[in-house]
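The following pair of complexes shares a single chain, chain A, combined with chain B in the former and chain C in the latter.
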Partner chain A sequence: MAPERMAQGGRIDRDRVLRFRFDGRGMTGHPGDTLASALLANGVRIVTRSFKYHRPRGIMGAGVEEPAALAALAGAQGQGNVVPTTLPLRDGLEVRSIHGWPSVRCDLGAVAGLVSRLIPAGFYYKTFMWPDWHLFEPAIRKAAGLAPVPDTPPQGRYEVRNAQCDLLIVGAGPAGLMAAVVAARAGARVMLADEGLEAGGSLLARPARIDGAAAMNWVAAAVAELAALPNVTHLQHATAWGWREHGLVMVQERAPDHRGLIERGWRVRARHVICATGAIERMLVFPGNDRPGVMLASAVQAYINRWGVRPGRRAVVFTNNDSGHDVARELRAGGVELAAVIDSRAGASADDLPLLAGQVVQRSLGWRGLRGVEVAPLSGGKTQRIACDLLAVSGGWNPAVHLHSQSRGTLRWDDTIAAFRPDRTAQPSASVGAADGRFGLHQALQSGAGAVAAHLGLAMPDIPQAEDAPYRIEPLWSVPSATGSKAFVDLMNDVTLDDIALANREGYGAVEHAKRYTTAGMALDQGKTGNVNVIGILAGLQDAAPGQIGTTTFRAPYTPVSFGTIAGGRAGPALLPYRHTPLTDWHIAQGAVIYEAGARWRRPGYYSQPGESFQQTIDREARTVRQGVAIYDGAPLGLYAIEGPDALRLIEHACTARYGTLAPGMGRYGLMLTEDGLIFDDGVTFRLAEDRFLLSASTGNADAVGLHLEKILQIDRPDWRVRVVNLTQQWMNATLCGPRARQVLARLTDMDLSTDAFPFMGLRAGQVAGLRSRVARVSFTGELSYEINVRQRDLPTLWDALLQAGAQDGIIPIGSEANHVLRVEKGFLSLGHEVDGTVDPYDLGMGWAMAAKKGDFIGLRSVRLRRASGLARRELVGLLPEDPEVSLPEGAPITPGGRREASEGLVTACVRSVVLDRWVGLGLLLGGHARRGERVQVRLPDRTIAAKVVAPVFHDADGTRMRE
Partner chain B sequence: MLLIECPFCGPRAEIEFSYGGPAATRRPDDPAQVSDADWVDWLTVPENRAGPVPERWCHAKGCGAWLTVLRDTRTHDILDVRHGA
Partner chain C sequence: MAYDLTITGPARRTVFEIKGDPSALGSDLLPPWPDRPCRLTRQDDRAFLWLGAHRWLLIAPPDHEDGLDAALSAVHHPDASVVLLSDSLAFFTLSGRDADVAMSIACPLDLHPGAFGPDACAQTDGFGVRALVLRQGDGWLLAVEQAYAPYIAAQLAQIV
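The block that comes next holds the complex of A and B.
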């Protein structure tokens, strides 16, 4: 058995042995142990080197409050910054201390502690500001005492569940269990969530009695009763870490009983919340209060009673309240020699204890571990040394008000317990037991039962008999000797009393400022044992009451939460699922490289042939469209049917062009603007009949266009009689394009395809390949082009038919890369390239799309206002690199003279043109329309590229080819 | 995460909704008649007070209704939900 393990007692299973390693040393523990209790049982005193000064630190707490110790898990269960006091021991754990180089016992970085006078609070901000903090950050992070990120992702999965309940009870200590039993018996839907490994809360760690028997008997009976009731969900090792609006409480369940599941997140919508979150003990602030061997008194109590571990051989207790006296008695009962009880209260007394009343620990003695303490009267006087290897400290108790505060409930300072306690609630809830500052066991049971009875309108039920231990406290925020030495208020972030005083002197005395200036309370433990000491110290410096200083804002999470618990299954491809066209599988089978093209659609980027380079593939595909015939998967194009007597009004209100003059069977290109006069979308709208239209929208914008149109109809114009139906996934098109498109299509249809019968911008219904079709003669490539729309299920049939009908003309499928080349050669717009949310129609040379003779439409007023200002705008231009073999990186800035200064534009697109056999680009350039012929410079990090400004069209400028 | 009482679907979680911005006053019927200053005010200066603020929300992953929601920005309390403006 491990050296510090007691022969009996505690809630561990001594018959079973768990083996683990700490920094390579083999150790053992038992089921029921935490990593912390097992390390202490094995005599490990130093677990961590501190963040800034690299001071040796040991385990000081026994639960979520742990203010000092962190560890890392290696191997398959790799995880950084694990809190050893909350990690259940498992067989085979491979544990590493944090920031020991070469080892935690001998850390070279500890030299930082020797020069600590030179690195006070705010040092990093003051010193590393110039020229840029980010230059220094990596080195500082490396020197900081935090675990590295594990190499491998966690093995297993996470999930998230939604739940609803009448009552969510947080905490399964005496108050929470009592509340749960009363609520469950009344038939309410109850959720009980407790952060501990097992229910019982504080009763797990102390020898209390309920109804004349061991309190844990009552706990076991209550847990069994709850387990038998169908209206109760009881979660252990499950922390309510965040309380959001409308009764939503986030719960992290760490050990779900399910194979392969690492953690489960719960989103609980509770009608009413009972906060039975208990209380957390405060540290005391004196020089060397971080030395391994100094522990919270409540933690010492827990290790002895719950885990059967003696954290030391000879102990001193240092307290400012009654709870330390009980711990002293239990230490003695546990076989630890009790050297002294130092009580800062002059009036303290306890006949059975070696009590030194009115005295304080001036400082701890020792180097790597505690060897003794120096004690003196609080009022000053002679010091004495007491040898010990364990110092149990208690600075009093803080109700764990975190959850109550997160719900926006208020706090008030209570002098009788020298702590903040809940005041007004903001969401339906109540705090009970120690969380409400009622530290007695009887009070806990009574307030737990009472809060539920009051909420459910029940008579106060009978509660079991229990005693309230006395609790008196005289606050001691720091001992008088603590200035000018290392007396820590925040161990994990290495913040000392002097740092708080410095912040106060330098004008950062407001509690939120002091926190940020010193980083007190900003470490992984969020200052659970130290924050109120900081408030008390600030109050002393400012001659104010702690209630006047107030607390910092309590924010989620209460304890560290893994991202996996929040995300659940929404990770990887499930986060934003891909959309597949009916042809995606065909493209993949053909060896296409698949792109995500707008709104998560999986579309072909290009179809490489054996032996081809990337550029050769794109050239071949684009050239085929210019010279022969090709097909493109246009399935995802946004498509809306707009029908009703007011359909025309809606379209003319939402789009820039006129549609009233449009004949049925014809379409017109238009822009959709936002009300601030910027381009939101573009597309062709066809008129099917007097009151029926088809509006096409960009692939990536289709959903947003639908929302936009519905908003107009439901919010602004409920009087208009018009219906908008999203057809995007019902009608899907294959785009047949190239000079030979007509002859290929003619083989599959009886339609008259002559330009007279079916002109450019026409829409015709009929049969293609025996399928019901609507064919639109529009072009995004500048060539003769037909978008053949069929029902979704018919698209693969149509696709095959087109490939067969076009075989003799050398038809090929093309991807979005070639499509991009073709549209840039024509200077056609693309959302996300030229249309980036900053341009209006005039900027793009599309003033013609702003119908002059029609009335108001969305965006017109703002465009006119902008034009009237006469300010220079970034305008669309074509760019020809002076060296035709050099491409311009898309997105690269254009700067005046190529100098390193603010840009005057940017490259929006650049492709290798198949008609000009050179690189051509498009860009937005300040005052660009008037700068044709000028030479501009594209600025890259290491060089510039010269380009000539030209008109933004490189092929068939008058558009004859697509109209013929 | 807010719980929004859709008039058609009942109380639903915020993730089913798309935020549609603050609810401006009704769009002028003829913006050409509005002065530049008034237009800019209407367009870009929505009320942003600590207290009940009307907002547009679309139940996009539900019934598709555009709603006007009166939400208290201090507490998130939702005081009123109605369809349309």
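The block that comes next holds the complex of A and C.
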């Protein structure tokens, strides 16, 4: 048996032994142990070194409040910065202490403590700014680091479930269990989530009684009753860590019973939330309050009663409230020698205890562990030393208001309990039990039942019999000797009383400022044991009441949450919701480099051939389109059917061009503008019949265009008789492009492909490769092109047929990179390049797309207003680098004379032209249309590149090739 | 413990989107009208879903497509559109004792029988993309844009 394990007692399975290692030492524990209880049972006092001063730290708490001890797990389930008080002990656990070198017992980093006066809070903001903070940052981070990230990811997977309920009850202590039982019996859909390893809350750690029997009997009966009800979901070891708008509460289930599952996240939508989150004990602020052997009194109580562990042999209790007296009695009952109870309240009394009323611990004594305490009257006077190896400290209790506050509920200061408690709710909820400042057991049961009864409109049920222990407190924010010493208010971040005073002196006295200045309340424990002490200290410094100081904002997460619990199954091939065309697998099999090309579509970028460089591949693909024939997977192109008597009206309202003059079977290019007259999208619209149209949209904007049209119909023009149906994934196209496209297509169809019968911008229906098809004669390359649309299921068949039909002409597939080259050579706009949300049609030299002979349309007024202002605009230009072998980085600024001053434009695209055999670019340049022939400078961080301004088209300026 | 879950798909079904006024189509082609949005009716293996404002969906087995297409394509009415969309949606079925669990991972909607009955349907969120959800037998039918089918299949494979 481990040396500090008591002979009996505790809620552990003594019949089974778990073996684990800490810093290489073999140790044992039992099922029911946490890592912390097992370490204490094995006599481990130093678990880690502190964040800043490398001070030795041991276990101080027994749950999520743990402010000092962290550890790292090695092996398959490696994890850094584990809180030992919340980790269930497992067989084979490999645990390492952190932040000590060569060991936590003898850490050279402790030298930081010797120069602590030189490194107060915020020192690095003041002393490491010159010449550059980043010069010092690595060394400072290394000195102040925590556990490293494990080398390998955890083995297993994560999952996130959604859940809905009438009542979410957070906490399975007496108040939460009582609430759950009442709600479940009434038939409500109940979800009960509790962060503990088992239900019971505070009852697990103290010998309370309910209905004349051990309180845990009542807990067991309640849990069994809930388990038998189909309307209850009960999660243990599951922390509600965040509460968002509309009743969304996030829960982290740490040990789900499911094969391969590491953790499970829950996104719970609750109609009503009961916060039964209990209360957290505060530390007291005195010199050396961080020494291993100093613990929260409630933790000492838990280790004795729940885990059968003796945290020390000779104890002193230091308290400012009645709860410390109970712990003193239980220490004695557990076989620990009780040396003294130091109570800062002058009027405190307890005949059965060795009480020193009106006295405080001046400082702790010892080096790596507690050896004793120095005690003196609070009002000043003679000190005395008391030998001890355990100091149980109680600074009073804070209701755990975190969730309530995250929901935007307000708090109020209550002098009777010297703590903040919930005030007004912001979402449907109630706080009960200790979370509402009702620390008595009967109060907890009554408030839990009462809150549910009130919410569900039930009569108040019978409440089990239980006693309310007295709770009186006189707040003590720090002892008189704390100033000028290592009296910690936040152990996780090594923030001392002096740091808070410094922040106040330097003008950071507001509680939110003090937090940022000192880092008090940050990191893993989020200041659960120290935040209210900070507020009390600031109140003292500012001669104000704590309620006037207020609290910092409680933010999620309440406890540390793994990324996996948030991400769930979003990993590997399911990381992002990519869209695939029916040809994606074919592209991959051909060696195409695949990447996202707008709206989550995965498309081929280019098809590398062995021995080719990237540029050679792009050149080959682009040149094939200019000289021969190629095919392009156009499946993602947006496509909408627009039907009804008002179809024309809708299209002319949404687009810039005029479509009323279109004959059926013909299409026209147009732009869509935003209300402020900027280009939103472009595409060709075909007329199928008098009242039927097909509107194409760019791949990246297809979804947005659909929403835009629906918004017009559902909100702006609900009286219009027109319907819009998304055909994007019903009909998909393979684009045949290049001078030989006609002769390839002719092998697969009996359509008349002559220019007279099937002119540019025509649309024809027929059979291609035996498939029902619609063929559009449009071009994004500047060459003769046919977009052959078939049903999604038929696209692979069409694709194969085109490749076979074009084999004798050397047909090849091309990717998005070559497509980009071809567009730039023609000066065709690209979304995200030339269309960047700042340009209107005139800026791009496309005023011709603004129909003059039709009525109003979206964006027209704004364009006219802008034009009327006469202000210079950034306009589309072509750019020819003076050195034809030099490319212009896309996005690079153009500045006057290449000087370091405000830019006058930018490079929007630059490609190596296969028709000019040189680099060519497009750009937006202030007053660009009138500056052709000028020399401009593209400014890079280390040089400038000269370029000549030319017309934004480098190939077939009059468009003969795509029309012929 | 593993989930008791069987997943099939992605598969294609016959799907027609009906927009506007469905009364223009005549009653003999469609199952009875659902009485309110987010409800469906079934008849002869066909389901008729009222998805939202002026929007219905007819879902039928794959071999119904030609017959329905011939009948519905002939309909030309100024206030109704019927568009074949069988290729647009990929259907997955989820069955087994833990099908509800899998759906709770896929979908944030409240699918409890008390909130989402056998005649309920919804266009909602499935693994972060737009999805159509309805009950089928003791399990579920989940339909997404066919382009998302590989992504949804990968998500479902992780659950199994």
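FYI, the second predicted complex is superposed on the first by the 917 of 964 C-alpha atoms of A that agree within 3 Å, B and C clash if a C-alpha of one lies under 4 Å from a C-alpha of the other, contacts with A are read in each partner's own complex, and residues count from 1 in each chain.
In the analysis below, a residue touches a chain if its C-beta (ideal position, glycine included) is under 8 Å from a C-beta of that chain, and two chains touch if they have at least 3 such contacts.
From a predicted model like this one, the values you see are computed outputs, not experimental measurements.
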Touched partner set for A:A589, first chain B, second chain C, both or neither: neither
Chain B versus chain C as contact partner of A:Q730, first or second or both or neither: second
Chain A residues touched - chain C or chain B, whichever exceeds: C
Partner chain in contact with A:L871 - chain B first, chain C second, else both or neither: neither
Touched partner set for A:R244, first chain B, second chain C, both or neither: first
Partner chain in contact with A:D257 - chain B first, chain C second, else both or neither: second
Chain B versus chain C as contact partner of A:A228, first or second or both or neither: neither
First (chain B), second (chain C), both or neither touched by A:K711: first
Chain B versus chain C as contact partner of A:A852, first or second or both or neither: neither
Partner chain(s) touched by A:A641 [first = chain B, second = chain C, both, neither]: second
Common interface positions of chain A, toward chain B and toward chain C: 267, 269, 714
Contact footprint of chain A on chain C as seen in their complex: 1-3, 12, 17, 19-20, 53-54, 78-81, 83-88, 101, 104-105, 107-110, 112, 114-115, 127-129, 145-151, 154-155, 158-159
In the complex, chain A residues that touch chain B: 244-248, 267, 269, 408, 426, 675-676, 707, 710-711, 714-716, 718, 855-856, 860-862, 865, 868
Chain B to chain A touching residues, read off their complex: 1-3, 18, 20, 26-27, 30-32, 34, 36, 39-40, 43-44, 56, 58, 60, 64-66, 68, 75-76, 78, 83-85
In the complex with chain C, residue positions of chain A that touch it: 157, 159-164, 189, 257-259, 267, 269, 568-574, 576-581, 584, 601, 636, 641, 643-645, 691, 714, 721, 723-731, 791-793
